[in-house]
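The letters A, B and C name the chains in turn, as written, and every chain counts its residues from 1.
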């Protein structure tokens, strides 16, 4: 455990090395958040309540969505790809420390740095320029936090699984993009799925993506009742279990394959 | 004059060879082709579906109906695709700066910016072009556009201009890495901001933002103003037949500006390994 | 051929403090430090010379050679190649130079080697007949045609360096810059590279400028060396003259019959291990023959050998160790 904590610490320092990137990221994310806010303001102009949500809740939705996006940045797929390309897979696997544990620790370290470098500034800017994103019902906070943790794990596992495709010696640049677009558009991060036709929205509900952004955000703005949220978190947990299962299965196969072939 | 033509011919010859090499590289890695063929169109098909759903839920967006939005979206995606083919390397300029990859361009007797973009030409950008053209044609049909030579000329002129504006912005952002000496990679964010400001009418934003997008960072000229003019949608500003040509002019100006900033940056280039 | 006048290069960099606290701190401060990587270098190189730049890591060799080849813009001073300023007329001047940087390749990684050559043929507008002729010459020196159809990513380092050497010579430049060309190469590749440099210098009269850490390269190739340390020129001149001037000594290695080694006033014992002793003596003070005679009077001698002051001695002295 100590080893992994060390990795986390090193990564925090690494992530802070490039101050220009830090400020650039804040600027870019602020612009994105503000344009989104005006986008929804314009759409809602003269309309009170669309799809069961009013303009004010929608603004909260996009601010919190911007904040959450910081948690869902992963580097694990690139790390796997690099270790395969550079041929260090075998030696990494032989080490007494699990490489996936290291990648996980690195992503955690990166996120901790980003919470301070990005999340806080964006929250402050959002409060000043758009509105204070108050939670609809503060009693839902534990539920919200729990669902965010599950979301984070689902997102990380999906990234890791896409990364593992690199073990088949395929260049995964394009696949990483596919993953990004799928999550961007089908998770409700930009446009919540309740604006989609019911049939489409239902189909997408069967995929894990919705449970990354939209579920925690719905809890936050209080869309739907508690029973509904609990039911969805049930599905979220099932997805997490499924992804965990696939991950472990692939992980064991990959480890065996690498050990036998020596990379 | 003759010397300039000769030089142009030289660049053309090199470009042809570089494109040939790009195709050879693609053939070298066939598994990549499938990936990009799925990835890029998927992004825009899903993106377009989203617009359709939003319009269905909210009605018009700021006075633009579904067909007009499709037209706008099509133009935006096509110019995006063209900028991906020629200028996407700008997103990664920081890595080239840090890794010292400009060494080789500086020791060859051609323009550095030209070599940077064209020896890394991204033929795969074509996969973005296909969904763009499909949506654009769909928008033309929905808007019952009367297609004639004059219309086509305006579309082509404005696409060239839009591509140059996008390219100029990528170069400006990329060139900052000469000064910061960091591998700046804002590609993802740039793309997201571009999407938000070129796929929807910017008239939906407050006037201050419109002002910025018109005069400071001229993204409004990529799709909004020329499309408004082509479709005859009044927006109180920049209406008239010549707007597509204005887009081209602004594109050229952006490129000149970006080129100058790049050149200034190149003076501060430090190579790698010292 | 090449005129370097008052060349200077400064860098700025930001010092970082260690730990998370240091990382946070550097986000809010902007303290930059200035380094003078190269200070006021001036020299002239004639056509057909082979000049070696030596100096420790970070001495400014690479920075100098990168300014001379147009990659870096000098902070002050100028580099003229064939009378033209490379900073001001980059495109025209680089037509006349070739560059090989050991760590970096200009070859296209994914494609066969020949494809990269073809691209250069178009970039430099090389006539087909000239192109083929150069390739033939290169084939006779380096055997390049054996690997011309091989994808670069599948090549060994030695093969890749050969590819880069040919790539740099396709347009028949009159000056060739090599930055650490032999780094990481095995003995036979090193040998091929040195042979290549000698031949193009002799046959094509190419001026060659190289930096290296490998003293073998210098001894084999260079008549003239320039020693740089801390961005300042320490020595510039003929290799053997520099040796005579700053290291006017030889080393006599004597093997005795037993472990007792005598001292002598005209020389200095610098090493004594078992039966073998090493004496350093100044060429002006005495000759090797005299010294052997003197020493053999003191103790019976079994065997002797004489070592010249080498380039590593020069460097050690010049770097002030």
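Keep in mind that, in the parts below, a residue touches a chain if its C-beta (ideal position, glycine included) is under 8 Å from a C-beta of that chain, and two chains touch if they have at least 3 such contacts.
As the structure is a computational prediction, the values presented were derived from the model and not from experiment.
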| item | value |
| --- | --- |
| Most distant chain from chain C by Cα centroid | A |
| Chain closest to the middle [Cα centroid of all protein chains] | B |
| Centroid distance [mean C-alpha coordinates] between chain B and chain A, Å | 28 |
| Length of the line joining the C-alpha centres of chain B and chain C, rounded to whole Å | 45 |
| Approximate Å spacing (C-alpha centroids) for the pair chain A, chain C | 51 |
| Interface hub residues of chain B, defined as touching at least two other chains | 29 |
| List of chain A residues in touch with chain B within their complex | 18, 20-21, 24-25, 28-29, 31-32, 34-36, 38-39, 42-45, 47, 50-51, 170-175, 177-178, 180-182, 185-186, 190-191, 195-197, 200 |
| For the chain B and chain C complex, residues of the former touching the latter | 10, 13-14, 17-18, 21, 24-25, 28-29, 100-104, 106-111, 119, 266-274 |
| Chain C to chain A touching residues, read off their complex | 16, 19-20, 22-24, 26-27 |
| Contact footprint of chain C on chain A as seen in their complex | 9, 12-13, 16-17, 19, 22, 117 |
| Residues of chain B defined as touching chain A within the complex | 29, 31-32, 34-36, 38-40, 42-43, 46-47, 49-50, 53-54, 56-58, 61-62, 176, 180, 182-186, 188-190, 192-193, 196-197, 200, 204-206, 209 |
